[in-house]
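Can you keep this structure in mind? I'll have questions shortly.
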Amino acid sequence: MNRTNKKNADRSVSRIGDDYMIIVMKPSSSEEHINEILRVLQSLGLGAHLSKGSQVTIIGVIGDKRVLNDVPIDLMPGVDKIVPIVESYKLVSKTFKPEASVIDVDGVKIGGKEIVMMAGPCAIENKEQIFQTARAVKKSGAKFLRGGAFKPRTSPYAFQGLEEEGLKLIYEAAHENDLKIVSEVISERTVEIADKYVDVFQIGARNVQNFHLLREVGKAGKPVVLKRGPATTIEEWLNAAEYIVSEGNDKVILCERGIRTFETATRNTLDISAVPVVKAQSHLPIIIDPSHAAGKAQYVIPMAKAAIAAGADGLIVEVHPQPRHALSDASQQLIPEAFDKLCKDISLMAEILEREFKYGD
Amino acid sequence: MNRTNKKNADRSVSRIGDDYMIIVMKPSSSEEHINEILRVLQSLGLGAHLSKGSQVTIIGVIGDKRVLNDVPIDLMPGVDKIVPIVESYKLVSKTFKPEASVIDVDGVKIGGKEIVMMAGPCAIENKEQIFQTARAVKKSGAKFLRGGAFKPRTSPYAFQGLEEEGLKLIYEAAHENDLKIVSEVISERTVEIADKYVDVFQIGARNVQNFHLLREVGKAGKPVVLKRGPATTIEEWLNAAEYIVSEGNDKVILCERGIRTFETATRNTLDISAVPVVKAQSHLPIIIDPSHAAGKAQYVIPMAKAAIAAGADGLIVEVHPQPRHALSDASQQLIPEAFDKLCKDISLMAEILEREFKYGD
Amino acid sequence: MNRTNKKNADRSVSRIGDDYMIIVMKPSSSEEHINEILRVLQSLGLGAHLSKGSQVTIIGVIGDKRVLNDVPIDLMPGVDKIVPIVESYKLVSKTFKPEASVIDVDGVKIGGKEIVMMAGPCAIENKEQIFQTARAVKKSGAKFLRGGAFKPRTSPYAFQGLEEEGLKLIYEAAHENDLKIVSEVISERTVEIADKYVDVFQIGARNVQNFHLLREVGKAGKPVVLKRGPATTIEEWLNAAEYIVSEGNDKVILCERGIRTFETATRNTLDISAVPVVKAQSHLPIIIDPSHAAGKAQYVIPMAKAAIAAGADGLIVEVHPQPRHALSDASQQLIPEAFDKLCKDISLMAEILEREFKYGD
Amino acid sequence: MNRTNKKNADRSVSRIGDDYMIIVMKPSSSEEHINEILRVLQSLGLGAHLSKGSQVTIIGVIGDKRVLNDVPIDLMPGVDKIVPIVESYKLVSKTFKPEASVIDVDGVKIGGKEIVMMAGPCAIENKEQIFQTARAVKKSGAKFLRGGAFKPRTSPYAFQGLEEEGLKLIYEAAHENDLKIVSEVISERTVEIADKYVDVFQIGARNVQNFHLLREVGKAGKPVVLKRGPATTIEEWLNAAEYIVSEGNDKVILCERGIRTFETATRNTLDISAVPVVKAQSHLPIIIDPSHAAGKAQYVIPMAKAAIAAGADGLIVEVHPQPRHALSDASQQLIPEAFDKLCKDISLMAEILEREFKYGD
């Protein structure tokens, strides 16, 4: 275990409670096998409860599971399998902190009663485009301007972003319109650069398990929008959030943007149930990105409304003044008029749902 | 081709138009290979357009694709692959019939402006249970009483339903409360029995590609709620609907109930985007079953609201007067009080969404 | 519970042992909640072991889990979730019967040392085709002739099979060449018809959870090849087998044919690890269908060899004398020459793997 | 477009050929819509072929597709959708280079007739462990020693690797035993460090679309084992390889290690068909990691043999002298005796499969 880990472990142990897991013994296991396991557990300071059925014997283990990371109980003679009973994350769990976290970005609160709207182009392309978008989304009620400066693209031949030049443009556009900025970072170096311009870092879906990057934004201390990966379970996603929080930065906003399934009619399958599931398991706020899930502008509006109805704390929506001329992900970006109508509808829905959203600037 | 198929094919050909597909040739294909394919296409009465690139030659084919069912072009020398351009279903497609279908079940209209609520227990268990539920859901605004009499269960040791005795009970309970009945059929014999009692047949998720059963309910002529299978693409689902419609029964109501993905936090992953996708591709109405997708009562309410916000034409929700005593799927059934609150909320949402739903009886 | 279920349950209870499950209590649960659960468990004759951690209390439950089918413990106050510890199937489990089952089809043994080859066209098309194939596959070492007479097809406009006429043809072709017959059944009526001609019923992937059909072939008593569904977990598949065995028919041969995943380069994703997993959990034999998994003839050979290397007890391979003229699934059928080479290679592999396969007739 | 991209694009254009895609028009599209698109295509220097059916009009487009990255044709009026006909990668495609690439790592050739074995512990733990393993795997016929020094772990509380200290240990152990070294890199900084010690960089599954890292190892120039991500399609994986090759480094070895599906009996689902698919589409070699796919030692052996039978060019297998004491992924590591038996079996299989593998040192 290297120094950083030890430090984290120590820090956390003092703050968090017990785990629980079940060791299921094979029908063929002997008295001796069981006793050996009980001895090991005792030596590690873990509580154990033995239950014998006519076919199966199980041992319930209570205590800090991490002391078992180095002792593969499941390879000991007579053991069939280990069944974990409580989740592997701690700091982001509702068990650890039952009340919902509200993240304050310089006055804009995410996770409270207000529904927060983040909007802007997929990629920052030029001054006119980002200024036009900023004015438009502000007018409809957005509090955040989004726009990518570093674009991770599947093909090496696609447009890869304007980099720092793009961040300067979004900075000016946002400040002129009193908007906060959220923009994606993809490496240590880009965290350093973006830190000068953005209010909230975004970790993209493909980097949700880039643990090196998670630690970097954890150390940087700014709020983070953490997108779920296309093949990341909710539990793994919460563990990814735990990486950031375990560095001392608890300002994490989860963002569901669709998972990969066998269905190809949409780019991804928006897992709308992630909203109530996350609300049940974690105190962190959750927003929805309907644009990447849909992949088609015509599906964005119904999916955005569904997200709000399901209880999401906000949306991050792609808006582009002329999607036909966009340099990336053109087909999923809304025109400002469509976004405006969406905001109007959401302000009506908010009331019924006992939330708040102020349409218009 | 057997007689039944021939008949269907003949009937359809006269009603429906052309297909389009692309034959992509291998870089190594010769002039001769291409000419041979053109000869075959011509002999089948299919139009062909040749396009040559520096690397790839493709042949566009226009005409009724079904004449190709018996000629595997993709095995002819020089062929790399076939890319279909238009969908494989016809009668259920929006191309074939652009305006939305409204299905009239003895006065209750599904697919129009009204949001239709179907509710009831997973399984019919006894007289008291079904009568209590019928009164409760009627009071909140449901138009349909649901309840299973024939239960397909994963384990052979689980409760399998009350069969005809159950249908008699649901018939009385529904008629006492002026409700329509929807109930699942699982075989030819159960179609015959249920026909005496129900207003709408339900085809369960596991039978969505039980083509024998699809033809049976097609012939029976009554409206059908066709659930999507856990691993069925939207295109396959629409093809399953095509089976029913091709028997002359066009009263099909699609029902999304979650698909199987890697995520295990919910029983299935509700594919909320199926609503706008189906609306874009088919004229058939679509409703949502949030109960089977969620698997947990606490997730049912947010998912139900999301479904309505996404544009669904109705809901089918599991309601049980005492879920703790239910004989199947207990954890996902709502108590009447929760269902009542849901109906009230949906009546408010309906207005904003320019739909109609009358809360209360 | 209807009569049939009761009967099964009674029969099984006497033969099979205990289950084990864990009830995890919420951190907020009270002493009273726990006592109430203990009372219920006791009243049902189930053993219970209580374990208290600093955060979580769990109750281990031992006994026949089926008595809980009617009591939804997970809805009782204070309960967080239920974690099952042992599998839900019994009769097909290795715990129930540790030694491998060898299924004897009139002298041909499946599940023993011999690798059994089943081969033939996707669909029976005409006399010449099935006789030509029968002679060819016999010559290479096949013991079974396969061929569909009732074809479940995604589109209602595709070829649906020759029905009984087809079965008569395959019967003659097989008997002329001393081959056994395996052919798919899709409904009660087709079981009756096929019973006169085939040695082994096949349940197709789409019917793996058509429980009505499973019971029918269970009652019919003949050996059954049970294909795994495209979205069926290994546990559900073994439960489907349990349906057949619980009717008194233990001659079930499992057949893996690919599952549905996000990958589209092959028609399905062959889950090769199903072979060792099934061997670890069940005593039933398992064969592989590389043709439906691959969807392309060029991938069939490597996948067939992989299956044998992984320990499969046999293969079911599509072979057609002129795949270019096949009426269904043309692109995945092998020509007899390719099949012959495969059999030769497998006979060499068999020796190294300590199995037996006799190449040639 | 930033400078680096422009450079790549320029370089590639001169080396690679044409794309082909189909623009499908809506049934409602007008003559004018079509003419507008033809005008745009012509202005971009792209060839176009028009085909009109009774229902659908399509336009075939030939030329370098990348000129379309900035012109979203799919948003132009009248357009229904765009269907790409040829793959998006170029340099790694078999169309570009039909003969198989053989990658020479200082005398050890991967992708030729020889089956190459890479083996070692999941993580480097201490001197004794890595030296013991090195001696053992060398003795059985391995050519490469594997072992992680930087471990990306799902939970922030798990062991994260010995870092540079670990690389020094594996360097000594490998050199003492005349083995090459393959080890994972997870960031720019770790590429720099590892460059001093390893012969082959490994990119882990979670970093397959960490494009920043792909470019780094592309520039570094050393051979790279590129693992497929758990939710990465084969096409995306080949595009990831394209990133590396487009930096001028064509020494990429693909490594399949299982994909994420709904099945949970194994940690991942080994996609064995990836072997023939990759062989059909790319000239790059492909190896298999059965350990991460299986997640359980008892499944590793059958899956390793299946991989070789399917045509893989090698294996990367986890071997640990005392798996019970391993600090990570203990349950999936083989003991040296099991690995030795596997190597012996593979040497026998190699002959039948017309490959070579020398068992023993």
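Lettered A, B, C and D in written order, each chain numbered from 1.
Everything that follows uses one rule, which is that a residue touches a chain if its C-beta (ideal position, glycine included) is under 8 Å from a C-beta of that chain, and two chains touch if they have at least 3 such contacts.
Bear in mind that the values here come from a model prediction, so they are computed numbers and not experimental data.
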item: Most widely separated chain from subunit A, with each centre as the mean of CA atoms; value: C
item: Chain pair showing more contacts of the two, B-D and B-C; value: B-C
item: Inter-chain centre distance, subunit B versus subunit C - centres from mean C-alpha coordinates, in Å; value: 27
item: Euclidean distance of C-alpha centroids - subunit C vs subunit D, Å; value: 33
item: Gap in Å, rounded to a whole number, between the CA centres of subunit D and subunit B; value: 39
item: Two or more partner chains touched - positions in subunit C; value: 231, 260-262, 264
item: Subunit D-touching residues of subunit A, taken from the complex the two chains share; value: 1-2, 4-5, 8-9, 12, 66, 69-72, 74-76, 88-89, 152-163, 186-189, 206-207, 209-212, 229-231, 236, 239, 242-243, 246, 260, 323-328, 330-331
item: In the complex with subunit A, residue positions of subunit B that touch it; value: 231, 233-235, 259, 261-266, 269-277, 280, 293-294, 298-299, 302-303, 305-311, 345, 348-349, 352-353
item: For the subunit D and subunit B complex, residues of the former touching the latter; value: 17-20, 22, 24, 27, 47, 49, 51-56, 58, 60, 62-63, 83, 85-86, 95, 260-262, 264
